[in-house]
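Before any comments, here is the structure.
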Amino acid sequence: MMGYSNELRSQILIEALPYIQKYNGKIVVIKYGGHAMTDDTLKRSVMGDIVLLSLVGMKVVLVHGGGPEITEMLMRLGKKSEFIDGLRVTDKETAEIVQMVLCGKVNKDLVKYIDGIGGKAVGLSGIDNRLLEAKMLDEQLGYVGDITCVNPQPITDLLDRGYIPVISTVACDGEGNVYNVNADIAAARIAEVLQAESFISMTDTRGILREKEDDNTLISEIRVDQADELIQTGVISGGMIPKVESCLASVRRGVNRVFVIDGRVEHALLIEMLTDSGVGTMFTN
Amino acid sequence: MMGYSNELRSQILIEALPYIQKYNGKIVVIKYGGHAMTDDTLKRSVMGDIVLLSLVGMKVVLVHGGGPEITEMLMRLGKKSEFIDGLRVTDKETAEIVQMVLCGKVNKDLVKYIDGIGGKAVGLSGIDNRLLEAKMLDEQLGYVGDITCVNPQPITDLLDRGYIPVISTVACDGEGNVYNVNADIAAARIAEVLQAESFISMTDTRGILREKEDDNTLISEIRVDQADELIQTGVISGGMIPKVESCLASVRRGVNRVFVIDGRVEHALLIEMLTDSGVGTMFTN
Amino acid sequence: MMGYSNELRSQILIEALPYIQKYNGKIVVIKYGGHAMTDDTLKRSVMGDIVLLSLVGMKVVLVHGGGPEITEMLMRLGKKSEFIDGLRVTDKETAEIVQMVLCGKVNKDLVKYIDGIGGKAVGLSGIDNRLLEAKMLDEQLGYVGDITCVNPQPITDLLDRGYIPVISTVACDGEGNVYNVNADIAAARIAEVLQAESFISMTDTRGILREKEDDNTLISEIRVDQADELIQTGVISGGMIPKVESCLASVRRGVNRVFVIDGRVEHALLIEMLTDSGVGTMFTN
Amino acid sequence: MMGYSNELRSQILIEALPYIQKYNGKIVVIKYGGHAMTDDTLKRSVMGDIVLLSLVGMKVVLVHGGGPEITEMLMRLGKKSEFIDGLRVTDKETAEIVQMVLCGKVNKDLVKYIDGIGGKAVGLSGIDNRLLEAKMLDEQLGYVGDITCVNPQPITDLLDRGYIPVISTVACDGEGNVYNVNADIAAARIAEVLQAESFISMTDTRGILREKEDDNTLISEIRVDQADELIQTGVISGGMIPKVESCLASVRRGVNRVFVIDGRVEHALLIEMLTDSGVGTMFTN
Amino acid sequence: MMGYSNELRSQILIEALPYIQKYNGKIVVIKYGGHAMTDDTLKRSVMGDIVLLSLVGMKVVLVHGGGPEITEMLMRLGKKSEFIDGLRVTDKETAEIVQMVLCGKVNKDLVKYIDGIGGKAVGLSGIDNRLLEAKMLDEQLGYVGDITCVNPQPITDLLDRGYIPVISTVACDGEGNVYNVNADIAAARIAEVLQAESFISMTDTRGILREKEDDNTLISEIRVDQADELIQTGVISGGMIPKVESCLASVRRGVNRVFVIDGRVEHALLIEMLTDSGVGTMFTN
Amino acid sequence: MMGYSNELRSQILIEALPYIQKYNGKIVVIKYGGHAMTDDTLKRSVMGDIVLLSLVGMKVVLVHGGGPEITEMLMRLGKKSEFIDGLRVTDKETAEIVQMVLCGKVNKDLVKYIDGIGGKAVGLSGIDNRLLEAKMLDEQLGYVGDITCVNPQPITDLLDRGYIPVISTVACDGEGNVYNVNADIAAARIAEVLQAESFISMTDTRGILREKEDDNTLISEIRVDQADELIQTGVISGGMIPKVESCLASVRRGVNRVFVIDGRVEHALLIEMLTDSGVGTMFTN
């Protein structure tokens, strides 16, 4: 803790005051993924941000996927993956491996990290108390799930007792099948059901860019009625489509502030929540 | 639901009344393992018992290990295990696989099972909110943990809200290391810290037998002061030693009723808790 | 507790599981009367059933009349009873004797019985905290009451603290008069006001029979719109009319499950609530 | 409400202020009996006092016997009573009649009275939730009870919800027997177990008189160590002995203020609690 | 406490019973001012009344102004006051003095008085937690406030914990300005927002008089639709106009009982609340 | 909010994390006075600090005196002050002016300031619910109070509901007298009774200096057993003596962290609580 003067420290802390006041006691759902999850420096910065936001009075819910670690484990186990339209065909054994890696490796590593820096995290998954129920999206894809129901009870029970719930995005159905579900969609649905104040989705881009390769073409705000055009003109494409669509659904169903932020920026969460600098694209009604 | 007459059904239900009254609102910690975990019929019967005991007013905590599934996954991943005195030498990668299999596969499968038959289960592990802290037991063994601290808060928070906590027995330390811990010892320690009314450990034997191969030599009760002799004379040996020692420690530290029961018997939990037939060995002060 | 095998016991207990789940935390109002109240074996079986249902999580409210004991006391005190259309003409002194016998003898004997087998019963009457208010039904009949108001507060206060309320069906008015009220009607009104899940009325018949003397002609379900015809054709007659009408009123005003069961069958309550065997007639919307 | 001037009314109300402050939120156990129970004017005055004390913030518990009404009912039913040392020999049938009259007639009449003037009374007896447990005092006397245990739970549960508990002094045992117990002793024991601030016993004398027939010889205060002499010298005799002894026991076990007051004086309770005029004998440590 | 007989005392106390029952747990807002505030005997009587009403279960809120003490302090500090239409022109310094005198002198003296006779008072002002927000009524008048918002939270928080809130009628705005607000209007607005049962305004007249100098012409009840005429004909005039108008506004917005009472009468509050003698004018819908 | 980069902002915020964790939910009593109260920039900085500390989870209690404003008002009102040993001789009129200025001017200005920047402040004084009781310290000094009792109830009631209590240090006695009490001593006593985690006293020096004029001689820690010598050698003298003695008393009676900080430094509170830079002298056991 060297270098900065007390004047500077106190000045910057005091400037965070209005933001802390604004979000005090409010629910913030964070979809965590991408580089922010694989790069150690970024991971440390995100985990610190989450504990700090939690301590200054926000009710933080962390939702994660874990694509790279699933892929790695499938490879180690000699499972080959087939893809249809960018979605992994998920047979029963793959679904079991997804469950194991997300709930047993990724989730617990995050929980351990947060607890290690003084947070109070407890891991959940779509399986616990049937938090996420799903049905098959498309028979060809196997156990890829379409979320049918979100049970907020275990999340709010943990928030009420002061925990930070960390949620793995697998879902289940009444027959005991497990489904791999898109983490962006799951996080957005959770934000809706909790009627969160904010839903923040971390990506590996600067936000939504008008020209994909040019960070200077960031679109800082997208209205619900502008989205279709942006998809048709290809500005929004590929994996960004479900992300944007779930963001827009959240906006429509009452989540107050919804945005994608650049997860490659250290402390992007703090900057977004506790300063007046936006670091991504906001979705509005 | 065929066959039995209403007279018989009601007669048997009514005979369970005094047992239900006795354990109403009390904490029961169950160490689940062995055949009861690998045999589908037994698994179904244990899960049903747990939901029923929970519904008739007991606060059930389920603690599990998962040796066979860990071994299978290590094999599939090409990790060879070395053993010293029957304990698996656990390098960092092995510890990670243990965590992944217990928390992500075994735990969530149990949670899913319980929820599937109408229970309200949430999975926990020694990592969540630092439920179990450990230090290295012996450097030669690597990440085999000696439990140093049990944090009952997340367990009681879930019990208070009506959930059945299902706990994976991995532990962590302040540096973020993960340890494989003996599930019998962990369960006994959890029972102590919760000051449980009952601690039941499921085994694959009839209980403690004076002659190992002869079920007719079951010792139905062992006093704390008789245990040493039984160990020295070899009546209690091998993996049964830590099991018995942790049971005796629980008795000494105030758990009211402690016993090992025969997990190979269908509905052994119901029989033990809701009838006057003992199905194993009880440890007393 | 002789005879039955552990296998049988556990099998039957586990088969009760879905029923226990279904009624957990729900209010069940039971109108107790007839043979079930005068026959010692039946009484023991009903009281046991009530304590068991209470322990497995139902909120049981017991409502009772006490015709035979009233008649006996009136005879011992030399009061002759006149009847008009089957209703006892109730002068002030008779009303006082009804109050005394119901609240002081029948009620306390039931409370004592329940407490004696480990239940937590507290007696109430329509007089306590003005639980039941009534006005005169017909001047010719004297103090026979027509219920004008039900105050659920003392019942829910006792349920909230875990008691089984046992309620005598006398009512009062603002001038301090006491009324004898029909126990079936009172129980149905209490079930309505509490918005009970189930209202069960115990009778001395197999249920509603198409041919009065032939148990094989049991009508297992009567819809609200079928009742009039059954009354006009004489299938439902005599004392069964107010019983059926109050059951139908309960159905119309939102009590979920309403039925008359055969109180002459041991453990009829358990059989009705915890098995899939119906033992009487159900009323539906 | 004629006659008195506003000045007078307000003056007297305001003078009650320090007494109301003193007893606010405190438990007051009142043993009700004698003329105050049989004379209509006195009864109305006592009931009004109780509701008023309750409204100005005291937690009032009313305990009653009912000798005259028991005697009358026994006579009407042709039961002859034998007495040994002034205690009624109580066979099983007599005990049942005592229960019926106290719980069904006297208790409910009091409850009705209190509710009728706007109070919130609920009746209890020693049978409800086993409030009073007893064993046989003397085999010769039959079911005359010696109190072995007082369960304050149903009383405090009702007080917490704002009710005035009205308690009939019959007791029960584990075998379902009912006992007639001395109401003075029962009330004193209840006051002790509740750790009441005040215990007031209503009598038909001016208090303890040095000369029985001379009201001017009132002893206004008796210390615990003076009582023996007063009994030996016959100043305290007959039915006054158990009354005095139970008062003294209350004082010794921590009830703050204990006294007998003259129940023949209208509003004796108000005068005792809300003015500085004592109207009886106080027992002190 | 001499003079009055016990009979008289108890008679008068018992006659207060129905009134105490009626207002038990209800909110009563009292606007205190005039002679009742400056005359020591009257002040003592009002403070006693408030503590007594509070103890017998009413939730009393005391709202005060303090014109004479403000005038005196302004004079001592050499500030001259200009008046426009009877309203004091209030410059910034005057507003500061008003705040200081009301919150620091008048309020704390009242709090001290109430606490001194055993009440539990805490002082508040329109400044605390922004209880009263205002804007300028008329630029010519300076910091005379027009109430724009009432925040009941600090009042109900104190009532919930058993305190008597004593409120100074200064208000604030978002820029940190302080306003002098009319105490009658402020009290009426507070009564509305709290949905008080009663709002009582103390004046220095017998009530609303048809002939100003003749107490015998008291109008005991004024309907909302009669007020305009009374103002136009000059029956209601001067400082009585805002008082009456705020009373009428309270009636319209749901305060149940609203009246002005004669603060020159000792114990006018007790007489109004606990007897059937009205001592002023009631406003009705 | 110009100038600072997002990197810098987030870096500094994240470095505050361990301090926020440490004091989360803890009570911090702040004695506010000196330049920090009279200089506008410092005042703004202190008020901001208090709101920020409150929002990040500390329970802040603000205690203030107000010497300069009292002196100014006494002068304006033509009261001359005599001093004995540096203490103002306080006649009854002076005590009244002290009360008025502290409770009505200083207190409400602070409350208004805090509310204005989004805090939730409510003013209290030693008079409200008899928070501070005192007796005369020395007859010669008149109404200078020696604190005899601290009632923490109104403070904890407000903290429980999320308010920042702002407390004026006047005290009262049972006869209605008001006393001027030393604000440092009062604050220390309040910290003791609340068993605060931290007690911070703001001064106009760098802390305790070995050489009064040389800021470089700051004593950063004083043990309880070192204080006497420092007083005898004159290092601690004048108005610093009661300040130091009350700090030491707090340390002895269980307040964890006690220190004097330099109120002339902007954001001294934030620096002290949320960085590892000490800005004054700490007192230790």
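As written, the chains take the letters A, B, C, D, E and F, and residue 1 is the first residue of each chain.
Criterion: contacts are C-beta pairs under 8 Å (C-beta built on N, C-alpha and C of every residue); 3 or more make two chains touch, one makes a residue touch a chain.
From a predicted model like this one, the values you see are computed outputs, not experimental measurements.
Under the contact definition, chain B and chain F share the contacting chains A.
Matching residue numbers shows that E-F is the pair in B-C, E-F or A-F whose interface repeats C-D, with more than half of the contact pairs in common.
Among the other chains, the CA centroid farthest from that of chain E is the one of B. As a whole-number value, the distance joining the C-alpha centres of chain B and chain E reads 68 Å.
Chain A and chain B, compared by their mean Cα positions, are separated by 35 Å. Centroids of chain D and chain E (each the mean of its C-alpha atoms) stand 45 Å apart.
Counting only residues that touch two or more partner chains, chain E has none. Contacts between chains close into a ring here, every chain touching precisely two others.
Those residues of chain B that touch chain C in the complex are listed here as 1, 4, 6-18, 20-21, 24, 45, 48-49, 51-52, 55-57, 117-118, 265-267, 270-271, 274-277, 279.
Chain B makes touch with chain A in their complex at residues 76-77, 96, 99-105, 107-108, 111-113, 115-116, 120-125, 127-130, 154, 157-158, 161, 163, 170, 172, 174, 176, 178.
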